[in-house]
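Two complexes follow with chain A in common, the first pairing it with chain B and the second with chain C.
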Partner chain A sequence: MIAYTDKIRDIARRLLKDCRVETVIGFRNGSMPMMNEPCFIKNVDDVDHLIWDGNCGINLANYLTNRTDKIAVVAKGCDSRNIVTHIIENKIKREQLVIIGVPCKGMLDKRRIKAMAPGEVTRVVEDGESVRVCGAGFEKTYPRKDMLQANCAVCIHRNPVIYDELVADPVPEQQNVDRYEDVRAIEAMSAEEKWTYFENLLAPCIRCYACRNACPLCYCPTCFVDESTPQWVGKSQNPVDVRTFHFLRAYHCAGRCTDCGSCERACPMGINMRVFTKKLEKEAFEQWGWEAGLSLDQRPPLDTYRPDDPQDFMK
Partner chain B sequence: MKYIRIDKAQWAQGLAAAEKAYRLFGPVREGAMLNFAALAPGQAPDLDGLNTRMSARSVVYPQSEILFEYTVDPNDPDGNVLKEAPAPAKPAAAVGIRPCDAYSFLLVRRNFDAPDVKDVYWLRNYEATTFIGLACDHPGSTCFCTSAGCGPYSEQGLDVLLQDAGDAYLAKILTDKGAAFLAAAGWFTEAPADSEGCFSAGKEAAEAKITSTVETDRLAEIPQMALYDANFWEDIAFSCINCGTCTYLCPTCWCFDIQDEVRGKHGIRERNWDSCMFPLFTLHGSGHNPRGQKVQRVRQRFMHKLKYYVDKYGDGIQCVGCGRCIQYCPVNIDIRKVCQLMNRFGQDAACKVA
Partner chain C sequence: MGVEPGRVHFSWISSAESTKFVDVVKKVTEAVRAVGPNQKFVKKELKVA
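And now, the complex of A and B:
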C-alpha cells in the first residue's frame, strides 16, 4: 500500500507540474480508523496528502459529475467502471480525465471489523496479507482476505478497465467467484418471507440518503424523492415511502450499478441496500450478458434495443 | 442532595412498576447497533454500550410527528374540523440517557421555547419527559463533551443521574420529577453516606479519560463575515455528499419540514426532521435556491453550530460533543478539525485540514 501511495504521489506531482491537469482527486488520511477522506489537490506542494490503503471504499467517480476542468482521478476497478458509465452518460468527457488506475486488493469492511472487536477500535494497520485491529487493551490480527467488504469479496474486476497511468502491475482477478449467492437466497424465499426480510432490512432507515448521495449513478438534478411539483413520495418515516425510495432508486440503477459498495459503506445505520441493486445487476447479466462500465463502445441494455433481446418476460 | 441505592436485582422489577405510570425509552439493541427507542413491555434498557446510534432526540421530537388531522367527509360528525393529534396518555421517561444527550435538550429548547415563539408540541413532549441519566465511566475516543459545555457526569438537563456501582446503581436525585420516577419504581433505599464521594471520584476519573477536545475560545470574537468568507470552506466541503447523517444523528439539530398528506377525504399535517444539508431545504417556491451549492450548505451547518449560535445566545456552541457526526459521516468530515480551523482563523498561516 505504501508503494501505491508513493506512486500515486509521483504521478500526481508530475501531472500537476506539467500542467496536464488542474486538479487531482484522491484520498487523504482520515481522522478515524478505517476512514479516508476524498480530497482534491491543486498544488504540487500538497501531493503528499494523497494516500492509498484498504479504506478508500468511497467511489470517486461521484466527484466527477458535471465538472468542467481537467482532472486526474485515482480509480480502483469499480471506480473506473463508474467513470466509463459517467462518460457514456455524458457526465464527464474522456478528454478531461487522466485516470490514475489502482489495481485493487479489496476494501476493508469497517463495520464487520468494529463488530468483531471486543472494544472500541482505535487503530487498524494493514500489513501485507493481514490486518491488525487495536483498541484499549486488545490487539487482534486477522487474514486480510477475510475482512473485505462483501462486494469486494465477490469482485471480479479489481483492475481498472480504463486508465492512463497504472500505479502497479495488475492484480490477479478472483476466479470461480459465486457473485449471486445472497441474491439467490432471497429469490428462494416465499412471498411472505421476502416481505418480512425487506421490512426488517429497511426498518432502521432514517432516509438520510447517504446511500443515494454516495452513489455516482444518482446524479439527477432533482431526485424523484425530492420533487415537490408534483410530489411523488411522502417525506415521513412511513414504511411505504421508505420502501418506495429504495425500490425506485434500485430500478434507476439497473444495468448501471457496478456493485462498488459505496452505498452500503456510507449508510450510518448499517443497512445492506445493495441487495436491491445486486438483484438487478444479476438480471442484467442473465438477460443480456451485461456488466456495467466495461466498455466505452457499448450502450447499456436499458437505453438500447437489439432485435435479439430476450422477451421471455412477455407472457 | 439525596442519593438512592438501586440494587441491580431490583432493577427489572422497578422498571416494571414504573412502566405502569410512564412510557419508557432507553438504549435497545437493534441488530449490530444500539439505538435509543421505546422499550417494549418488560424490556430492560441496554446500559452496557456507550452512546446510541441515534440520539435520544426522538423521545421529545420524533422524526415524523402528526400535528393534526381532519376529514372533509360531510357524513363524519367531525367533518371539516381540525383535530389536534392526541397527546400520549402517559408521561415518558428516558432511562439510561447519556449526559450529553440530556444536555442537548437545553440547547434545543432555546429554539422551541423562545420568549416570543413557543412550539407547543416540542414543549408538551419535553415537559412530559423525565430524564434518568447514566454517567459515562468509559467515554469513547470521539467524546469531547468536556469542551462542549457538558461532561461524562454532567447533570444539566437531567432529573436523576445514575452511576454504575457494580451490583447496584447509585442514583443522585436532581429534581422532584426525578424523585417521582424513583418513587414510581419503588426505589427508596438510602444510599451509603459516601455516595457523594463516589460521584466526585467517578467524575474525576471519567473526565480524565476524555482524550478529545474542541477549541472554541476565539469563535465569538472573530467577525461573522470574515469566517463566512474564510478560504477553507471549499477544502472542507469537497468530500461532503450532502446526506442527512450528521444532522439526523445530532442531538442538537432541530430543523424540520411541514407536510400535508391526504388520502381520500382524510388528511394529516405532520412535521418531519429536515436537514440543512439537503438542497431542498432552502429551495424557494420561485425556484431560486439561496444555498444551491454544496459548499454553502456545509458552511451553513458549521457556521450555525459554531458561530451564529455562539453569537446569538452567548453560551457556547450548538454541539454537546457526543461525536456521532464524527463516527458516522461517510466521508469523515470531522467537526473537531473544522472547529479548530474556525477558531484559529487568521492565526494559522496554512489552512490545511489534512
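And now, the complex of A and C:
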C-alpha cells in the first residue's frame, strides 16, 4: 500500500509540474480512522497529502461531472468503469483526463471492523494480507480477505479498464465468484415476503440522501426527490415514500451501476441498498450480456435498440 | 419489489388495433380484480396518542 502511495505521489507530482493537468483528484487521510476523504490537489507542494490504502472506497468518478479543466484522477477498477460511463454519457471528455489506474485488492469494511473490535478503533494498519486494528488497550490482527466490503468480496473487475498510468502491475482477478447469491435469495421469496423484507431493510433510512450524493451516476441537476413542481414523491419518513425513493433511484442506475459500493459505504445507517442496484445489474447481464463501463465503443442497452432485445414480458 | 404478480401488465398495441386494446383491457381488469384492492403503496394514517 505504501508503494502505491509513493507511486501515486510521483505521478501526481510529475503531472502537475509538467502542467499536464490542473488538478489531481485522490484521497487523503480523514480525521477519523478508516475515513479517507477525497481531495483535490492543485499545487505540487501539496502532493504529499495523497495516500492510498484499503479505505479509499468512495468513488472518485463522482467528482468529474461536467468539469471543464484538465484533471488527473486516481481510479480503482470500479472507478474506472464509472469514468467510462461518464464519458459515454457526455459528462466529461476523455481528452480532459489523465487516469491514474490503481489495481485494487478490495476495500476494507469499516463497519465490520468496528463491530469486531472490542473498543473504539483508533488506528487500522494494513500489512500485506493482514489488517492490524488498534485501539485503547487492544491490538488485533485479522486476515485482510475476511474484512473486505461485501461488494469487493464478489468483485470481478479489480483492475482499471481504462488508464493512462498504472501504479502497479495488474492484480489477478477473482475467479469463480458467485456475484448474485443474495439477489437470488430475494428472487425466491413470495411477493408478501419481499414486501416485508424491503420494509425491514429500509426501516432505518433517514432520507439523508448520502447514497445518492456519493453515487457517480446520480448527477441530475435536480434529483426527482428534490423537485417540488411537480412533486414526484412525498418528502416524509413514511415507508411508502422511503421505498419509492430507493426503488426509483435504483432504476435510474439500471445498466449503469458498477457495484462500487459507495452508496452503502456512505450510508450513516448501514443500509444495504445495493440489493436493488445489484438486481438490475443482474438483469442487464442476463438480458443483454451487459456489464457497465467496460468499453468506450459500446452503447448501453437502455439507450439503443436491437432487433433481438428480449420482450417476453410483453403480452 | 413485493407487488403481487398479476397487478402489472405490459402490452404493445398499435393505434390501429382497437380490438386488441379492448381484449387487453378486459384481461387486465379481470386479473387485477382477482388480486383485489391494492393495500400496498397506501399511506396509512399516523397513530396519534
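Note that the second predicted complex is superposed on the first by the 314 of 315 C-alpha atoms of A that agree within 3 Å, B and C clash if a C-alpha of one lies under 4 Å from a C-alpha of the other, contacts with A are read in each partner's own complex, and residues count from 1 in each chain.
The working rule: a residue touches a chain if its C-beta (ideal position, glycine included) is under 8 Å from a C-beta of that chain, and two chains touch if they have at least 3 such contacts.
Everything quoted here is computed from the prediction, not taken from an experiment.
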item: Touching partner for A:His49 - first (chain B), second (chain C), both, neither; value: first
item: First, second, both or neither for A:Tyr209, with chain B first and chain C second; value: first
item: Touched partner set for A:Asn238, first chain B, second chain C, both or neither; value: both
item: Partner with the higher number of touched chain A residues, chain C or chain B; value: B
item: Contacts of A:Ala188 with chain B and chain C, given as first, second, both or neither; value: neither
item: First, second, both or neither for A:Glu120, with chain B first and chain C second; value: first
item: Which of chain B and chain C A:Pro268 touches, first, second, both or neither; value: first
item: Chain B and chain C footprints on chain A, overlapping residues; value: 234, 238
item: Residue ranges of chain A touching chain B (in the complex, touch as defined); value: 28-32, 35-40, 46, 49, 58, 62-63, 111, 115, 120, 122, 203-204, 206-210, 213-214, 226, 228, 234-238, 265-270
item: Chain A-facing residues of chain B, complex; value: 30-33, 35, 50, 53-54, 63-64, 140-142, 235, 238-239, 241-245, 248-249, 257, 259, 261, 270, 272, 275, 278-280, 283, 326-328, 330-334, 336-337, 352, 354
item: Residues on chain C engaged by chain A in the complex (per definition of touch); value: 1-5, 9-12, 24, 40-43
item: Sites on chain A touched by chain C in the complex; value: 191-192, 194-198, 234, 238, 240-241, 243, 247, 311, 313-315
